[in-house]
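Presented below are the structures under discussion, each in the form of structure tokens.
Two complexes are shown next, each including subunit A; its partner changes from subunit B in the first to subunit C in the second.
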Partner chain A sequence: MTRRTPLSRTVRWVVLALFAVFFVFPLYAMADFSTRNLIQGGRTLAAWKNLVRDDQLYSAITISLALAAFTVVVMLAVLVPTMIWVRLRAPWAKGMVEFLCLLPLTIPALVVVVGLRGVYEWVTYFFGESTLTLTFVYVVLVLPYAYRSIDAALSAIDLQTLSEAARSLGAGWATTIARVVVPNIWSGILSAAFISIAVVLGEYTIASLSGYQNLQVVIVQIGKTDGTTSVAASLATLLFGFALLLLLSLFTRGHRRGPGTNHVAQATVVAPAPAPAPAPAPLATAQPGAAAS
Partner chain B sequence: MARNGIDRLVREALPLVPFLAFVVIFLLIPTVTVVVSSVYDQGVFSLDRIHALFTDTALTALWKSVLLSGSTALIGAVLGAVLAALIVSSPPTSLFRRMVISLCSVLAQFGGVALAFAFLATIGLNGVLTVWAQDHFGWNLTGSGWLYSLTGLILVYTYFQIPLMVIVFLPALEGLREQWREAAVGLGATTWQYWRQVAIPLLTPAFLGSALLLFANAFAAYATAAALVSQGSPILPLLIRAALTSEVVLGQAGFAYALALEMIVVVAVVMVAYTALVRRTARWLQ
Partner chain C sequence: MTTTTQDTTEGRTHPSLAVELTGLTRVYGSVKALDGLTLHIEPGEMVALLGPSGCGKTTALRILAGLDEATTGSVSVGGRDLTGVSANKRDMGMVFQAYSLFPHLTVLDNVAFGLKLRGESAATRRARASEMLELVGLSEHRDKYASQLSGGQQQRVALARALAIRPSVLLLDEPLSALDAKVRVQLREEIRRVQQEVGTTTLFVTHDQEEALAVADRVGVMNQGRLEQLAAPADLYTHPATPFVAGFVGLHNKVTAHVDGDTADVLGSRVPVLEGSIASGTGVAMVRPESVTVTADPEGRATVVSVEFLGPFSRVHLTAAGTALVAQMSSSQARSLVAGEPVGVTIEPSGVLVVQEQPAG
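Showing the complex of A and B:
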């Protein structure tokens, strides 16, 4: 339909190439910088080996991975039953749950951390002084992303019929959720989990300002004396996040059933658009047909 | 009868308690704490902390934050819209598109500290580009440490604002139906006329809404700036850091609360405008 002259084609490619240079060059520079041998010249993998050899960095990596795992487990345990319940038995609360889930996009993490001190005095009183207590606030932090993914998956199935069928065959609520609903919204759960992992691994604001040492805090700390190791660790987190999201996007291609399902990937990637009001950011979430065209 | 109704309500609401507890304790209480503590000092109502917002230091930080967010929102929105327009013509399932979207979403949402190091590795003191320009042309790219000033922040923020624009603007571009173009062309419009009189007017609310979102995003961003600028506090988020870590800034304890309140107010105003624009977009996009 569209007529493209050779000139406009050339312009397109030139502009695309300029964007590619702007975005890829800093990443290339990180790879180059982190493999440089500053003392003897030439190349070395010393900075990359530090990811496992440097005790402080290695323990920060394990802490952040553990935080990511805990956050995903708690988030799913809290959010999935709530969202299913709201759809089935308490539709009056749907607007409120959605509003609360998207609220963290409007209230900056920086504001939360300023007001968090009092709350965390109680948390450490009950759970002790551990970086893993960050799990609680991280669960809130990932709510918007997780909500969008799971909501898209739930919209794509006939939840009412499924659960009524399960219940009439004698299943309790726990069985219905675990054995009937969850297997049907697997793609949404997976993308909620992946995105939450990426958020937690990249989190700096809350950890640093409340005095905990997670991966990003340690990266900044090490950067003051050993720039190459910090650059290596930064590039590693970026590549890991990229791999997670690309994998997710490729995975959701194979799991397309109805017109609704292909929004799972879209809705999650598009997650930042916050809509504090009842309108669920139509810009970002569903627009049937548009994605397929 | 009434008892029955209450019973039902309790039974319906009970499973929501864990979720509500999380949100109340770890989101609402901290926010309310900020608002209350900015006007109550040890139980006594006082506007001292609010007054401190109008000192030179605080006003300068606010102004620089607005400048940073405004300029990167503008640059990000324009360039991001161009990039989105280039991407939208490739099919949604193509590997190229998936890779671009994944990269955009990593840079826009999860970059943080890593982006600061990306630019330190590129144009920092020993950065790859710095060394290269020095060796080949004898240029000094790092002159006067601009990377650690507002100019540097503008450059680094652009690196995550453009990808964010791509992500939030792409759905609006996809919402443009091919039939509308065909209808316009069928009625004798040129490509230019189609863009000028159909596409651009339709996309304007979405474009402005996305630009506002970018503004709020930059205004509240902390990690990148904090990792890049370790000394001093040129912008509002870094002034909050200073107020939090040193207890007394400007001779005003608890100043962080007032600054955080200022941030809430600015972001809230921007987001309300954003929501209004999104509603407008929704009218034709659905």
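Showing the complex of A and C:
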């Protein structure tokens, strides 16, 4: 029954091929365009070299990567202990925390920017006018995705029994979280981190409206004068995002040796992984306009 | 108060310390989970707390472990007051009802976990963990993960892990409830053997009376947050102090009896009464099924309702003088009994508890 007939195999390949064309063609087009020498004809890697040579672009890349890193660190430091604490000590607050974490999804970026203006007067007062202060907004922005991943991982383990066992063996709260809980929700944490990176690298609206120069803002700016460089930067961001997702699925699939309960964790945790797919979309959609000009 | 039967200064042997629970009360909102529990456990002794769910037995154990806080009352181990000491500083080994092995660690690393937290060297940890795995007979599974073990094996590893830290007290919170019947019997014998081998003072919480009577030195029967009786298994069985205890430690018949001095008339048999019975008059006698003797007798006053075959023994349901009665006997004896036929009933002259008639019990 489960043997594949030649027909079903053909169908499978056709579907795969269609998907490959759908995904690869735009990427190929971007690669082709970004390596074209628009003035003299032929091929050139000048646009790709600009990624590191162009000061504005290079600093935007490093700032966006730093933003992604800071966002992940702050998000994990805030969310993981909070979620563990809520599950163990304040289960009555679970609904409220979930609601708060999912709320950013429902608020349009414009509203966020307007709403944050007052808050940011204080943020810039304390931290200066750095683009890196966007970390605070981005932590809020990635909460819905991160919450989902970590929540799924926490649901897959018997958190109360495991932490009580750890405590009875002599572990304090910090040790319990670091040595017992985190290793068992590792796939959820990785998934939350990678999704957050993808979201931050693809974020344009809030940075642009608040007047900060992150990678996406600079790509659009450069696109107005130098199409090939902006397409090269976009493609690089996309490929970086794909590489992260690939790593994520490799980690969560191959990392654990013990079968059984972990499989549940993996299955539920890998599920939200496709979520970032729409996230890099802004860069792709930002592109045609940029490239056209 | 402080009694240490073994030398604990070297940390080589397992400590045997006395445990003292004094006037423990725990109130959740309007519910009194524990109502003035006082319990003394001798060094090296294994006490089982037995009772229906919600009787407070698990609450008592969790308070001793430091995982819950008593509203009033105190806990001390080896004379040291543990009030306010957090769970991770109490040095108690605990086995949980739910499987509690750390999924990301191998069996050996699970057992060595507590030692690692205590800063033992890798070699010491390995040696000690191996020793404990040998004690529970799982040496060949040391490199497996919890998910590759059966439920019984996981609980044995959990026991090894709890004992590896040489705990001051071993706490067993219904460790056998999640297992199937056959494994449960095997494992409870193993728990008993291991506990006697290491000599650690142990509190075992269970709702299964057979389990409690089989493993413990003394059994405490709890009801509604109170300790009804604390006694050796045999004493508990033959001398129940309250109707609740009588009902909980065996399927007991409740038969109308007339007390007259030291004896009572129960279904025509004269039976000595136990301490705690009413002094005189009519009451309810708690009669064990195996104390009821059934004889084939066409003139008998009782009638066989049904015969329940349970392998080596059978349970015979009867009606006698309008009261439902259960008798237990060997299956060979029960074979001659036929439902609907009249039989004679006598009560074995072992002590019975006769109490005032009351709805509860």
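We take it that the second predicted complex is superposed on the first by the 229 of 293 C-alpha atoms of A that agree within 3 Å, B and C clash if a C-alpha of one lies under 4 Å from a C-alpha of the other, contacts with A are read in each partner's own complex, and residues count from 1 in each chain.
One rule holds in what follows: a contact is a pair of C-beta atoms (placed from the backbone, for glycine too) under 8 Å apart; a residue touches a chain by one contact, two chains touch by 3 or more.
Just so you know, these numbers come straight off a predicted model, no measurement behind them.
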Have a look at where A:A171 lands relative to subunit B and subunit C in the superposition and call it first, second, both or neither. second
If we overlay the two complexes on their shared chain A, which of subunit B and subunit C does A:V97 touch? Say first, second, both or neither. first
Have a look at where A:V111 lands relative to subunit B and subunit C in the superposition and call it first, second, both or neither. first
Give one of first, second, both or neither to describe whether A:D158 is in contact with subunit B, with subunit C, with both, or with none. second
Which of the two partners, first being subunit B and second being subunit C, lies in contact with A:F127: first, second, both, or neither? neither
Determine, for the superposed model, which of the two partners subunit B and subunit C contacts more residues of subunit A. B
Dual-contact residues of subunit A (subunit B, subunit C) none
Taking the complex as given, what residues does subunit C use to touch subunit A? 65-67, 86-94, 96, 98-104, 113-114, 117-118, 145-148, 158, 161-162, 165, 171
Residue numbers on subunit B that touch subunit A, as the complex places them: 12-13, 15-16, 18-20, 22-23, 25-27, 29-34, 37, 79, 82-83, 86, 89, 92-93, 98-99, 101-103, 105-115, 117-122, 124, 126-129, 159, 162-164, 167-168, 170-172, 174-175, 177-178, 181-182, 185, 191, 206, 209-210, 213, 217, 220, 222-223, 226-227, 230, 237, 240-241, 244-245, 256-257, 259-260, 263-264, 267-268, 271-272, 274-275, 278-279, 281-282, 285-286
Which part of subunit A faces subunit B closely enough to touch in the complex? 1-3, 12, 15-16, 19, 22-23, 25-30, 32-34, 38, 78-79, 81-82, 85-86, 89-90, 92-93, 97, 100, 103-104, 106-116, 118-119, 136-137, 139-140, 143, 198-199, 201-205, 208-209, 216, 219-220, 223-224, 227, 230-231, 234-235, 237-238, 241-242, 245-246, 249-250, 253, 266, 269-277, 279, 281-284, 287, 290-293
What does subunit A use to touch subunit C in their complex? 157-158, 161-162, 164-172, 175, 180, 183-184, 186, 256-262
